[in-house]
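Shared between the two complexes below is chain A, which pairs with chain B and chain C, respectively.
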Partner chain A sequence: MLGYILRRIAAAIPIGLIVTFGVFALVFLMPGDPIRALAGDKPFPPTVMAAKRAQFHLDDPFFVQYLLMMRDTFTGHFGTTFAGADIGEQLKLRIPVTLRLALLSYFFEWLCGLLFGIYAGFRRNGIVDRLLLLATLLILAIPSLVSTFTAQYVFGVKLKWLPVSGILDGFPTSYLLPAMVIGVLGFAGLGRLTRTSVVETVNADFVKTARSKGLSEGRILWRHILPNALLPVITYLGLDLAGMFAGAIITESIFNLPGLGQFLFQSIQMKEGGVVVILTTLAFVSFIVINLLVDVLYGVVDPRVRA
Partner chain B sequence: MTVHTTTEPILEVKDLTVEFETARKPLTAVDNVSWSLYPGQTLAILGESGSGKSVSTQAVAGILDMPPGRIVSGSASYRGQDLLQMPRKARRKIVGDRITMVFQDSLSALNPVQSVGAQIAESYRVHRGLGRREARERAIEMLAKVRIPAPHQRVHDYPHQFSGGMRQRVMLAMALALDPDVLIADEPTTALDVTVQAQILELLAELQSQTTMAVVLITHDLRVVEDVADHVVVMYAGRVVEQGRRDQVLTHPAHPYTEGLLKSMPSAELKGSQLATIAGTPPSLTSIPSGCAFRTRCAYAFEECSVIKPELIKIGSGSPDTAAAGRSAACLLDLDQRVSGLGTGAREVSAAHV
Partner chain C sequence: MTQIAVAAEEVEIADLAEGRAPTTRELLISLLRKPAFDVCAVLLLLFFAMAAVPQIFTSVDPTVCDLGKSMHPASAGHPFGYDVQGCDYFSNVIYGARPSVLVSVVASFGMFLLAGVLGLLAGYFPGFVDALISRTADVLFALPGMVALIVILNAVPHRNIWIILGVILMIGWPGGMRLMRSTVFSVRNKEYVQAARAIGVPAWRILTRHVFPNAMAPLLAMTTLGVGGMVGLEAALTFLGVGLPPGTISWGSQFGIAASYREAPHLFVWPSIFISVMTISFMIIGDSIRDVLDPKLLK
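Right, the complex of A and B next:
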C-alpha cells in the first residue's frame, strides 16, 4: 500500500511541473503590461515602474521568471501581489471561505444526489425517477452562468430570502445560495450516475442469489446492493473536486465571496502569473491528494482492485 | 433408485402458470406445469432455453421479478403449505433455509465485494442467529465439505479469486449450509468444462446421499439427466410434454420431442454416422403454434395436432411396472404403443396423408 501511494506521488510530480509551467506560460503570454495597468489612467513615474518591474523580476527571461516563482512557491516566500497585498495573508483569509463553500455545496450535492439517485434507481420508472431524470436534464442543459444569476435574482433580489452577495451575514447564511447553485449542478450528475448504477445492480444475479437465501429486503439493500452500486459513485467523488473548484471561480466572483476562486479570477485579470500558479498548484495538489484517497478507499471497498 | 410411493412429496407444484407482461399481450412462459418432488429424489427438469424451466422454479421460490412476471394460477406446496400464497416474511423462513438454490453463472451469482466466507456465514447468521465467529467456523466446515483446499485461508477470499469449478463449489456450500430439504440447482454445471462438470455432479450426488435432501436439477443436457436423475420432467414451450422415471423416459420416450432429443445425442455406437437433429428451432413465446406447440417440428404430426392442445395423460397403464411410476406425456399419438416399443404410435390417417 505504501509503495502504491509513493508511486502515485512520484507520478504526480511531472504532471505538476507540466501544469504549473503551462499555466505560467499562458499568463506570461497574455497581452498588456500588469504594472502599467496598476496605475490606470494616471501617469506612472518611470523610476517607480522600473523598481516595481525589478521587484517582480518582470524583465528577466521567461524561464528565469518561472524558476524564481517556483522557488518562492516551494519555500513558502509567496511575496506580495503587484498591488502590494501579502499573498500568504490572503491565502490564510481566503482558504476558509472556499472550504466552507465547497463543504456546504458538497453536502447539498451528496445528500440530494445519493438520496434521489438511490430512490429513483429502486423505483425505476416511478414518479420520482421520471422527475429526477427531467429535472437533471434541465439542470445539465442550462448554462451555469444563467442558473447562477437566476438564483441570485430570484432568491436574493426578488424574494429576499438570502443575501445577494458578500459574506457579511457569515456562515452559513451567506454561503447557502452559492453553495446551493454549485450543489445543484453537481447533484444532477451524481443523481443520474447513482440512479443508473443502482438500476444495474438491482437486476444483478447476486441480488437474486441474496433473495434465494431468504434475506430481508433491508439486508439485501445494505449488504448486497449498495456496496456494489456505490462503487462508481466513489470514483465520482474525486473527479467532482475539479468541477467544484471550477464552479468556485465563477460562483465566488458572482456572489462576491472573498475565496480562492475569486482570488484566481482577479489574479488572471491582473496578470499576476505568480499568484495564478500558486493557486493552480494548490488546486492541483488537493486534486491529487483527494484522488489518491479515493483510490485507497476504492481498494478498501472493492477487493477486485486490491490485487 | 428410491422408492417413494408411500411417502408424501416434499414439494408439489400444481397447475403453475406464469405470464410475462409485455407492451402488447402477456406471454405465457409457464403453462399449467405440475410436478412432485419426494425426499431423497433427484428430479431433472429438461428443456431448451426458453422452455420455462428456470421461470417455473424461480416462481416457486418467489424470486421471479414481478413485474414483468405474474403468477396466474397454481400452487407450490412445501410440506402442505402453499409457498405462492404465503406472505413474503413467512416464505423467507422456508426459501433460503429449507429450500435453497444454486445458479448457473457463479461469478455473477456471488456478491463480488463480499468474501465467500461472509456469504456462506450470512445464512447461519440470518436463519440460525449464530454469532460472527461461530458462523465463520461453520462456513469453514462447509468449504471443507465441498472439498475446497485450505478452507481456513480460502474463507477470506473473494469470488474472483476462485476458478469456475471452485466457485461453483462455494455456491454449493452456500446452498447446503443449512442442510436444506430441497435444493434447486439451475443449470449448475452449464458454465463449466466437462471434467469439472462431472466432479461437481459427483460431489452433489455424494452430499445428497448423506441426507434425505431432494434435488430439482434444471438442465438442457441429457447426459446430466442420464447421470444423476431419478425422475425426468421434459418441458417444451412452457409446458410439460413428458414426465416419468429416468430409465423409462430415456429408453422408451413417449413424446416425439423426447425421442428427438435422445436421437440427437452423440454416442460411441453412432460413430461415423451423421448426428440426427430436431428440424427447426424452438418457438418464440410470442408465436407458440396452436394446438401442440411441437407439431411444427414433429415428424408424426397430423391434422388434429394443430387443433387440439394435448393434455398430459397417464401412459403404460397396461403394464404394472410403468404405472407405478406415474408416467405421463402430452401427445395425441398412441402412447402405450410407443412406450411398449411396438411401433411409433403414428396414426393410420397420418400415414395415409404422407
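Right, the complex of A and C next:
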C-alpha cells in the first residue's frame, strides 16, 4: 500500500511541473504590461516603474521568473500582488470562504444524492424513481448559469428568504443559497450514478446467494449491497472536486463571495501571473491529494484493488 | 441455399448480442419511433434555422436601437421588450442563437473526431503512441478544465468563435479519448480484426473499416449527451468575459448584461428559456441515441 502511494506521488510530480510551467507561460504570454496597467492613465515615473519591475523580477528571463516563482510558492513566501496586497493574507481570508462553500455544498449534494439514489435504486420504476430521473434530467440539461441566476433571483431578490450576495450575514446564512445551488447541480449526477449502481448490485448473483442463505434483509443491505454499490460512487468523489472548483469560479462571481474562485478570476484579469500560478498549483495539489485519498479509500473498501 | 441464409442470420444475431453497432438505417427507424425524439428534433431544426437565417424569424434589425426605450417591457410588435441600449430584444435573442448552435455542434463534432482518432491510435498501437497520447491526457486531466479554459482564453488577444472552439477542443478531448481507447482495447483482438490482419489488410484500413465502426458507439453516446453542455459552456465563458468579444450578439453576453440589471427580469428570462429548451432538446436526443445504440443501458 505504501509503495502504491509513493508511486502515485512520484507520477504526479512531472505532471505538476508541466502544468505549473504551462500556466505560468500562458500568463506570461498574455498581452499588455501589468505595471503599466496598474498606473492607469496617470504618468508613471520611470524609476518607480523600474523598481516595481525589479521587485517582481519582470525583467528577468522567463525561465528564471518561473523558478523564482516556484521557490516562493513552496517556501510560503507568496509576496504581494502588483497592487500591493499581501497574497498570504489574501489566501488566509479567502480559503475559509471557499472551504465553507465547498463543504456545505458537498453536504447537500451527498445527502440528497445518496438518499434519493439508494432509495430510487431499490424501488426501481416507483414514483420516487421516476421523479428522480425527470428532475435530474432537467437539472443536467439546464445550463448552470441559468439555474444559478434563477435561484438567486427567486430566493434572494423576489422572496427575500436568503441574502442575494456577499458574506455579510456570516456562516451559514450567506452561504446557504450558493451552496444549495452547487449541491443540487452536483446531486443530479451523483443521484443517477448511485441509482444505476444500486440497481445493478441488487440484481447481482451474490445478493441472490445471500438471500438464499437466509440472511436478514438488513444484513444483505449493509454487508452485501451497499459496499458494492457505493464503489463507483467513491470514484465520483474525486472527479466531483474538480467540478466543484470550476463551479466556484462562476458561483463566487455571481454571488460575490470573496473566495478563491473569485480571486483566481480577478487575478487573471489583472494579469497577476504569480497569483494565478499559486492558485492553480493549490487546485492541482489538492486535486492530486483528494484523488490519492479516493484511491486509498477504494483499496480499503474493495479488497480486489489491494495488491 | 436456405442453410446459408439461416447461418447468415445466426451470425447476425450473434453479432447483435456482441454489441455490433446497428446500421444507420436501423438507428434512424428506431429513433423516429420515439415521440420525445421527434419533438426535440423539430425544436432543434428550428434553432438551426434560427442560426442559419435569423431573418425569417424577425424582420427587425437587432442593431437598430433607441436609447429612449432602454429596458422597456414588451409592447405590440416587440414581444420580448427592449434591452439596455433600447434595441428590440426579440430579434437580439433570435440572432443570439448563431454562436450557441455553432459552438455546440462544431465543438461536439470536432470532439468526437479528435477523441475518436486519438483513442483509436492509443488503443490500437500500444507502446510509444499510446504512452504519448495517454500521458498528454494525464496532464490535461490534472487541471480543472474551467481553470485551463479561462487561463488560455485570457492569453489570446483577438478572440473569435473559432479560437474558442479550438481551445475547447484542445482541453476537452482526454475524457472521450480514454473511453474510445478502452473500447478499442476490447475490439482490437476480436476474430474479425485478427482475420483482417492475417490476410494482410493494411493497418489504416483495419482501423477505419473494422475497429472504428465497432468501437465508436460509447463515444458517440457520450458526445451526443455532451452537446447541451457545450451551449452552457459557451455562455459561461462569455459571461465570465473570456468568451466571445463584447458586442457579439449571443445568449452568453445577454446573461452577462442581464446580471447587472436585476430590475428588468425579461432581459434574463428570454435567453434562459431559449438556451434551456435547446440544451434539453440536445439532452433528450442524446439520451434516445444512447438507448438505441446500447439496449443494455436501458435502466
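The definition used in the following text is that the second predicted complex is superposed on the first by the 307 of 307 C-alpha atoms of A that agree within 3 Å, B and C clash if a C-alpha of one lies under 4 Å from a C-alpha of the other, contacts with A are read in each partner's own complex, and residues count from 1 in each chain.
We take it that contacts are C-beta pairs under 8 Å (C-beta built on N, C-alpha and C of every residue); 3 or more make two chains touch, one makes a residue touch a chain.
Since the structure is predicted, the reported quantities are computational estimates derived from the model, not experimental observations.
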Chain C versus chain B on the shared chain A, clash or fit after superposition: fit
First (chain B), second (chain C), both or neither touched by A:R304: first
Chain B versus chain C as contact partner of A:L282, first or second or both or neither: neither
Which of chain B and chain C A:I254 touches, first, second, both or neither: second
Partner chain(s) touched by A:I234 [first = chain B, second = chain C, both, neither]: neither
Touched partner set for A:I142, first chain B, second chain C, both or neither: second
Which of chain B and chain C A:H224 touches, first, second, both or neither: first
Touched partner set for A:L133, first chain B, second chain C, both or neither: neither
Greater residue coverage of chain A in the superposed arrangement, chain B or chain C: C
Angle at the Cα centre of chain A, taken between the Cα centres of chain B and chain C once the superposition is applied, in steps of 10 degrees: 70
Nearest Cα pair across chain B and chain C, whole Å: 13
Touching residues on chain C, where the partner in the complex is chain A: 138-139, 142-147, 150-152, 154-155, 157, 228, 231-232, 235-236, 239-242, 252, 255, 258-259, 262, 265, 268, 272, 275-276, 279-280, 282-284, 287, 299
Chain C contact footprint on chain A (complex, rising order): 12, 15-16, 18-19, 22-23, 26-27, 29-31, 137-138, 140-146, 149-150, 153, 157, 196, 199-200, 242-243, 245-246, 249-250, 253-254, 264-265, 268-269, 276, 280, 283-284, 287-288
Chain B to chain A touching residues, read off their complex: 58, 61-63, 65, 91-97, 100-101, 103, 105, 108-115, 122-123, 126-127, 158, 160-161, 174
Chain A to chain B touching residues, read off their complex: 203-206, 208-216, 219, 223-224, 227-228, 231, 301-304, 307
